[in-house]
Amino acid sequence: MFAQIEKLGASVIQKFEEVGRLSVFLYHTVLGLFSRPFGFQELLKQIAFIGARSMPIILLSGLFTGMVLALQFYDVLARFGSVDLMGSAVSLSLIQELGPVMTALMVIARVGSSTCAEIAIMRNEQQFDALTCMAINPYRYVMAPRLLAALISIPLLTAIFNLIGIFGGYVVGVFIKGLSGTAYMQTIIDTIIWSDLRMSIVKSFLFAVIIIWIAMGKGFFVHLEKGVSGAESVGRVTTKAVVASAITMLFADYIASSFLI
Amino acid sequence: MTENSQKPSVLIDVKDLNSGYGDRQVLYDINLSVNDGEILVIMGGSGSGKSTLLKNMLGLKEPSDGRVLVHGLDLSNASQSELLKLRRSTGVAFQGGALLSSLSVGDNIKLPLRQHTDLDENTISIMTRLKLELMSLADCEDLMPSELSGGMLKRAGLARAVIMDPKILFFDEPSAGLDPVTSVELDQLILKLRKAMNMTIVVVTHELESAFTIADRIAVLADGELVTTGSVDEIKACTDKRVANLINRSPRDVQIDAEKYLSRLTKGAK
Amino acid sequence: MKKLSLEFIVGLFLLTGIAAITYLSVVVSGVSSIGFDGYRLMAKFENSSGLKRGSVVEIAGVKIGQVESISLDSETQESLIWLEIEKGVDIQDDAIASIRTAGIIGDKFIKISPGGGDPLSDGDEIIETEPAISIEELVSKYIFDT
């Protein structure tokens, strides 16, 4: 019985240690943003990877999400005789919630997993030790460009998701359900206000930090994972990173919504 | 061995080093010095603490007790700029090369030059190719690390380690995973480097033949303790059991209790 | 097909993203009111219940502006409303601003009935106002009066 309690206490302490480690990690990464020389080449590479190459998946998922929303709302609104409101319903759901959240999930799946694995492999192959011994700050050279790239790319991706989602809703509303296109757009213009967009942008920045921080942090400390090594440890931290960032993101979504709605 | 009238100057001084991970202590009271211009081989079996000692000497790990002094600088107390200066004149060749996977071999080797010097690209290019030729890697400049064999990775890592003509070179397990022929070639390379560039070299290895070939002095580690230090002949003649076992490649002496052995075998049988 | 350079891909992405954000901001959410080319008028109401920021301001059923802000005038205990009116639309000093409901249970909007006097300028007050008609007040008035 006592053994169980001991174990519980130990794992709680472990969790606190991990949070502490990750916070220090974030601190050094942010500091690395301001150290010179700044890895501009690396930044470009990362924006291409995180942002540009996520475009296909964002366009597809945005389109389908918008279309499904339109179908869903049409069904509900038809029962109340207010199908004209569909434009505002679709756009509001996208801009306030689904845009930031779905974009974040897609990015976690694509970027979160591979970044975590990449950093973990670098750790396992002693590449960070090598950088340190070459007097190159690994936070400045490896982590900071990725953080900045995420902060730039993810809000942009979210905006693209929102837009293509609204378009998807338009396609369903106008071509499948026969609504007026101008009415659809007009309800959107009438309903959406700046604070909605602001919520979308704030959330996307918040999610960007969460995603890239957890992905890099978990990978960076892979050597501290007990009981595994090599390829297995990389797999394990990657899974942990994806799950942790998804859950943290959803929690942050709730907090942000309660402040901003 | 030439006799000097003056004492050789000490470049690296490890004093009373105790180091470990969390609750687990790995190194006990290590006292070791590395002289200017010598090749010191740190030898020991698996689990003897070699990698931990190396990490402490590189400043990658803090000791729990004791100090590591390089050029008189205490690694734990050094300022960032002092450490930076020191690291620029120290080269480290890691096991497996530790090349950055996103850069080509050439870019990997050029990295220290690009980061720390104002040299123009042409000069950097020539310097890089010089080192590549030295390591017999002339055709590999544009290859990616994933396209290299184990031996080539090590040589590339070595090229990067020496690109800034460091005063001190550390080499972690040069022979690990290499076939005997490549291993011998690497040994010759190390000797050539010392002669050509007047480096002080610290090699961590468990390969006897390599150690005997290249070492001026050998330090033997066992179970976290420094058993002895001496020249190749002194080590070969050493009477300490652990050293002798290492030299003669005998397995450790484990007494088997017949009764306990039998009970271990039959544990849990119905 | 020529391999696209890194800079090109990044540039394309950034442009697309910025275009998306800009489009959303300006067109969709009417942030154009920040560079709003018009003027502001003020009106005080006894009761502006149901009116909100962004509510439409109409003359003869045509939208000519929107509600910019709603606050409480602590001296007179009345609702103090600032209206954004489009440039080129004149509102006279004896015009009446009334709060009406679209339909029976729809959104509230402000209806301006034109007067015959001189046009108001930026920052002026519309003096004549009619408060919102609340269904509940009407019904309770009916119930408790008879």
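The letters A, B and C name the chains in turn, as written, and every chain counts its residues from 1.
Just so it is clear, contacts are C-beta pairs under 8 Å (C-beta built on N, C-alpha and C of every residue); 3 or more make two chains touch, one makes a residue touch a chain.
None of these values were measured; they are calculated from a predicted model.
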item: Chain separated most widely from chain C, comparing mean CA positions; value: B
item: Closest chain to global C-alpha mean, per-chain Cα centroids; value: A
item: Centre-of-Cα separation between chain C and chain A, whole angstrom; value: 36
item: Centroid distance [mean C-alpha coordinates] between chain B and chain A, Å; value: 42
item: CA centroid of chain B to CA centroid of chain C, Å; value: 75
item: Shared-contact residues (touching 2 or more other chains) in chain A; value: 45
item: Residues of chain C touching at least two other chains; value: none
item: Multi-partner residues of chain B (at least 2 other chains); value: none
item: Contacting residues of chain A [partner chain B, same complex]; value: 37, 45, 118, 121-122, 125-127, 129-136
item: Interfacial residue positions of chain B with respect to chain A in the complex; value: 55, 58, 60, 83-84, 87-88, 90, 92, 94-96, 98-102, 111-112, 115-116, 157, 160
item: Chain A-touching residues of chain C, taken from the complex the two chains share; value: 6-7, 9-10, 12-14, 16-18, 20-21, 23-25, 27-31, 53-54
item: Contact set on chain A toward chain C in their complex; value: 44-45, 47-48, 51-53, 55, 91, 95, 152-153, 155-157, 159-160, 162-163, 166, 188-189, 192-194, 196-197, 201
